[in-house]
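First chain A sits with chain B, and in the next complex the same chain sits with chain C.
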Partner chain A sequence: MRSPKKGKILFIIIVVGYLFLWGPIIVLGFFSFSSDSYGTRWLSFTTKWYGELFQTSALMDAVVRSLIIASVTVVAATAIGTLAGYGLYKYKFLGRRILRTSILLPITVPYIVMAGALLVYFTRVIHIPLGYPAIIIAHISFSAPLAVFITLGRMQRIDWSLEEASTDLGANRLTTWRLITIPLLLPAIFSSAVLIFPWSFNDFTITYFVAGVGTSTLPLYLFSMLQYSLKPVLINGISLIFILLPTIGILVVSSLQRETKKTR
Partner chain B sequence: MENNEHIPCVELKKLVKRFPETVAVENVSLKVKQGEVFSLLGPSGCGKTTTLRIIAGLETADEGEVLIDGQVVNKIPPYRRNCNLVFQNLALFPHMTVEENIAYGLERRKTPKTEIKEKIGKMLDLMHLAGMEKRYPAQISGGQKQRIALARSLVLEPKILLLDEPLASLDRKIRKELQVELRRIQKELGITFFYVTHDQRVALAISDTIAVMRAGRLEQIAPPDEIYDTPRTKFIADFMGATNIFSGRAALKGDREVRLESDEGLVIFAFNHKNIPVEKITGISVHPERIHVLAGDSKSRADNSFKGKIVEMVYQGDFVETKILLLNVENSRSIIVHLNTKLSQKSQFSIGKVVLVQWDKENSNILQD
Partner chain C sequence: MFIRQEKHFLKGKWAICTLIVGILILFPALTIIAEGPPEEEGIYEKYVASVPQGCKPVPRECFEQAVAGKTFAMYDWAAWWPEELYEGFSKTFGIEIVRDNYPDLDTALAKFRLNPKTPYDYFLANPKSLWYLKEDEILHEVNHDWIPNANRYMAEDIKNASWDPGYRYTVLTTLGFDAYVINTNFIDKNDSRIPSWEFLFEGGEAYQGKLVMRNEMNRVIGNALKYLGYSLNSTSEKELAEAKKVLLRLKPYIMAFDSWPKRAVLAQEVWVVEGIVHDYLYLGGLIPEGNPFFAAYPPEGCLLSPMLITIPKGGGNPAATHCFINYLYRPENFAKLINTTAYGHGHTAIDDLITEDVEKWMTPPEGYRKKCEVLNTDSFTGKGEKLRADIWQELKK
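== the complex of A and B ==
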């Protein structure tokens, strides 16, 4: 039996913990409704900044750009990463172990080093124009390894006689992939996508190096706003939106998961 | 089609499969008759599963030929072979319902929807599983999964059904039930079964023919009673539970009688049913339940009889496994017998008592190699 006193202490710890996590976000949200254009003092309540937000076309362009880049990256990096993970697990070839370990590199190398390396590589070696192509390739290169690792982890827990059973029952390789392998890998594919999207959307360092002119993403745009804008309060608003959207997303997904668990 | 009864359902010709470390299958040749249950029996690692996977097409043979219905199938991929496999772990698709699992093979063959429905219905009836259509594999019991896996393969009406110890993971009672069921289904459908197992009881219970495999080679192919009563080698005798094995030198006595002088110095007589040349004989085996135990002062009336002392008794329910140390033998040598439970309760058959063990020469089985 838990004593009421112990319960109270636990409750306080939880409240403090959540305040620590949510405090900055609450403050940010709070000041986004303040009429002070620097967004750091409370003057009076207003929602005008939100209206202005949607009329600042440069900001909206940056949001759209970020969404496009993140979407393309998610699809490409998840596909590449899943296939690579499958190949690394299923096929034996020379240098497999080295390859498998070296995939860690893009994750462990400091971003700034990676960014500099990519910039030199793109401009001096393979001549990829800075901007969308460079950003997307860069994003894929640091997020595909994540999908590889998630896939490898999942593959270890899959019963591979299921693939054999499928061929035994008359399905060729391609049909087996479509009907058995992909459904088995679906949880890994889904987790990869869910992790890669914010990685790509949030990335600042690498994008900063390879963005070029006219393709600043949301993080880059917000950074320049901090430095040069007369209305930094807009940052509060846009930030709050991008905190709330994923939170709602996560809640929806987890409630959906609970539903499917109930029916299974 | 009507004249193919003489063509073996499956034939293996000098099959060889090498793995980097070992030779898994070494020169295996066998014929499986149409409509029979053929068991490949052997300890784990003897190459029986590899043989099965070669027939299924999941492994390729390094040498030799696989024939299904008289056709060489070495180069035919598994999805075009007219045989299906029930996996050891069953391999039911976890993301599909029972119905979808059974329909999987039929859908690959582009069978019309109504026909699929009808066939699934029939299969579920045959397996006593009606009403389970919409369940997922995670929601049904081990025995039911077993039947679904069987149904999923059988619904395709293969020429031969390959089974890789599908009963191994079940508990004893359900295993026995399913053994009987398996036999019933096989008879009803008339499909040839090729059954791989390490459990000699299962093999004896369900087979028409048993092939015993050891370290990649076949040691004996025969009906179950023959394998049990007259195992050809020491390995088979031991594997089939004949725990009394005597090695020694044999000599012919009369026309059909063999006199074996065992390494311990015992003289054992055997009847040479199969006319095995004397130079090939290396030993004799006797099943524990074929040995009689009499009180120590009885007169011996059998071909082989020895005095011994009871040293161990293990209660097994229907019999008592009794270890008897033979007297008047140079090296210590004991014999295991199955003593009737009623007899075991008598005072002359308790630990420490001297008894007479005996058996007739017909119960001595001659071993070769």
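== the complex of A and C ==
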């Protein structure tokens, strides 16, 4: 049995740990309601920055572009990553180990190197127009490996006899994949999507280099805005919204999962 | 039989209807072919009629090319210039502006150098990026016949400025003086060393380490050289060694090298900030107790930072850039720009349109500009760059 003293210490450590993680976000959210347009001091309570946020068309355009890019990337990178992970785990072929290791490359290479390389590759080798196609391909290239590794991790814990049982009972490959494999991989698919979305949404370096005319995303706009804008507090507001939205999403999904478990 | 007749009857009726509709469509179409589209007619004349007195329109050729291009791709800073300038331009010319923004000029330059066909019609550059873009031959020359307002209103010394003699590749927008700003709530502006660089470089005890310098090697070292009475583009090892000594002596008093020091300045955590002084007029206006900032223009001179419109070759509508330049140089538009940014300029016809606050803030002492210098290749290439990089490395250790 744990002593009450140990429990208290543990509790304090947890509180300090979470404060360390959440402190900047709390401060940012707090100052987004301050009437100080730089969001650095508390003057008085206001919600006017949120109103201005939605009226700043350049900012809202950047938000929409970021959402489009991140959504397409999530779907494509999760699908590609999951299939690649499945293939790398299930099928034995020559060079599998090398392939499995080398898939890490886009994550380990410094972003600035990757960005320059992608720009040169797109414009001088394969001639992909800069803009949405280039950004989405670039984002998939650095986020799909993440899905591969999450899938591989999940697959190691799955009891594959379920797949065999399904085949023994007469289901074809597609039915087995649909009714057995995908549900088993669902936590991995979901985790990949949850991780890839902010990764893509927040990316600055690679997006900056492969963005074309009229495809500036939110991080690009915010960085430029820092230099001269007299209302950088808008950054606090938009950041808070984009912290709260996925947080609420995750909470909803986890509560749904709990409900489903209870029903079962 | 009846049905057949009815069909025939219908056929005849349809034929007549088709003929009438055909004539109705064909006639105006033929008129358009013969005379040109009626809605196109007079657009240039309308634009010419809308040009304010004292200003000149762009030539018809430039206007038509720009309008045919439909869009105008701009690459500049976000949230700096007044939005109404862009909106007014779009409305005047019927051209849609597509704007993208860069985080800093070095990063923007890297993008152009990696992809010389980067498709922007307009790039707001500084002298350093201008030099590299010219070297890489990725800039169009300015067609002076297409910018009559700039020809008329730009100061003669600006037309032959060192960064681009004859303004072949650039048109000046704003001029920034890279000096220093003090917070008078904490610092006595009657200190005998102010506004000399002596206060910043030797007055550590007065500001007790509350100094922020811009995180840019050439600016910091350049201004130290200015303090010592040397050129900020010096490549002399002796002079740079002296500048290094000054900077190392200052090091304990530097709170940070910061690319975006405004937040800390506004929170009044910083008492002295080295940087472009114009940025702090409106920032000071955000302090409820009243603007405590004072812009110091050191008599030794300082770094001059011009922002220049350039026309990259990758863009598809260079005529639109000329239209924009000509539109911007209308006095009422240029005054809007200066009143919003509080920067210096080289426009000769806006003095009466500048607000008192901005006038007071942005105007250095008479003849001050001559004491200032623009960065040139001596400082950011070859030996000059190497010597500066060594100093910078030691300073930031």
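Rule of thumb we're sticking to: the second predicted complex is superposed on the first by the 245 of 264 C-alpha atoms of A that agree within 3 Å, B and C clash if a C-alpha of one lies under 4 Å from a C-alpha of the other, contacts with A are read in each partner's own complex, and residues count from 1 in each chain.
Just so it is clear, a residue touches a chain if its C-beta (ideal position, glycine included) is under 8 Å from a C-beta of that chain, and two chains touch if they have at least 3 such contacts.
The model shown is predicted, which means the values in this text are computed figures rather than measured ones.
Asks: For the three-chain model obtained by superposing on chain A, do chain B and chain C clash or fit?
Replies: fit
Asks: Per the contact definition in the header, classify A:Val213: touching chain B only (first), chain C only (second), both, or neither.
Replies: A:Val213 sits against chain C, while chain B stays out of touch.
Asks: Check whether A:Tyr38 is in contact with chain B, with chain C, with both or with neither, and answer first, second, both or neither.
Replies: Only chain C is touched by A:Tyr38; chain B is not.
Asks: Which partner does A:Ala58 reach: the first (chain B), the second (chain C), both, or neither?
Replies: Once the two structures are laid over each other on A, A:Ala58 reaches chain C alone.
Asks: Between chain B and chain C, whom does A:Tyr221 touch in the aligned arrangement: first, second, both, or neither?
Replies: Only chain C; A:Tyr221 stays clear of chain B.
Asks: Between chain B and chain C, point out the one touching more chain A residues.
Replies: Counting residues of chain A touched by each partner, the higher count goes to C.
Asks: Examine A:Pro232 and indicate which partner it touches, taking first as chain B and second as chain C; both and neither are also allowed.
Replies: A:Pro232 sits against chain C, while chain B stays out of touch.
Asks: What is the contact status of A:Ile126 with respect to chain B (first) and chain C (second): first, second, both, or neither?
Replies: Neither partner.
Asks: Given the overlay on chain A, how many degrees, to the nearest 10, lie between chain B and chain C at the CA centre of chain A?
Replies: Approximately 160 degrees at the chain A centre.
Asks: Could you state the shortest Cα distance, in Å, between chain B and chain C after the structures are superposed?
Replies: Minimum over all C-alpha pairs of chain B and chain C: 50 Å.
Asks: Within the complex, which stretch of chain B touches chain A?
Replies: Those in contact with chain A are residues 56-58, 77-80, 84-85, 87-89, 91, 93-95, 104-105, 108-109, 136, 138-139, 152-153, 156.
Asks: Please output the residues of chain A touching chain C within their complex, sorted ascending.
Replies: Listed in rising order, the residues of chain A that touch chain C are 36-38, 40-41, 43, 58, 116, 119-120, 123, 130, 204, 208-209, 211-216, 220-221, 223-232.
Asks: Tell me, which parts of chain C touch chain A in their complex?
Replies: Within the complex, chain C contacts chain A at residues 73, 77-80, 98-104, 107, 110-111, 114-115, 117-120, 260, 262-263, 266-267, 279, 282-283, 286, 288, 341.
Asks: Per the contact definition, I'd like the list of chain A residues that touch chain B in the complex.
Replies: Those in contact with chain B are residues 159, 161-162, 164-172, 175, 179-180, 183-184, 264.
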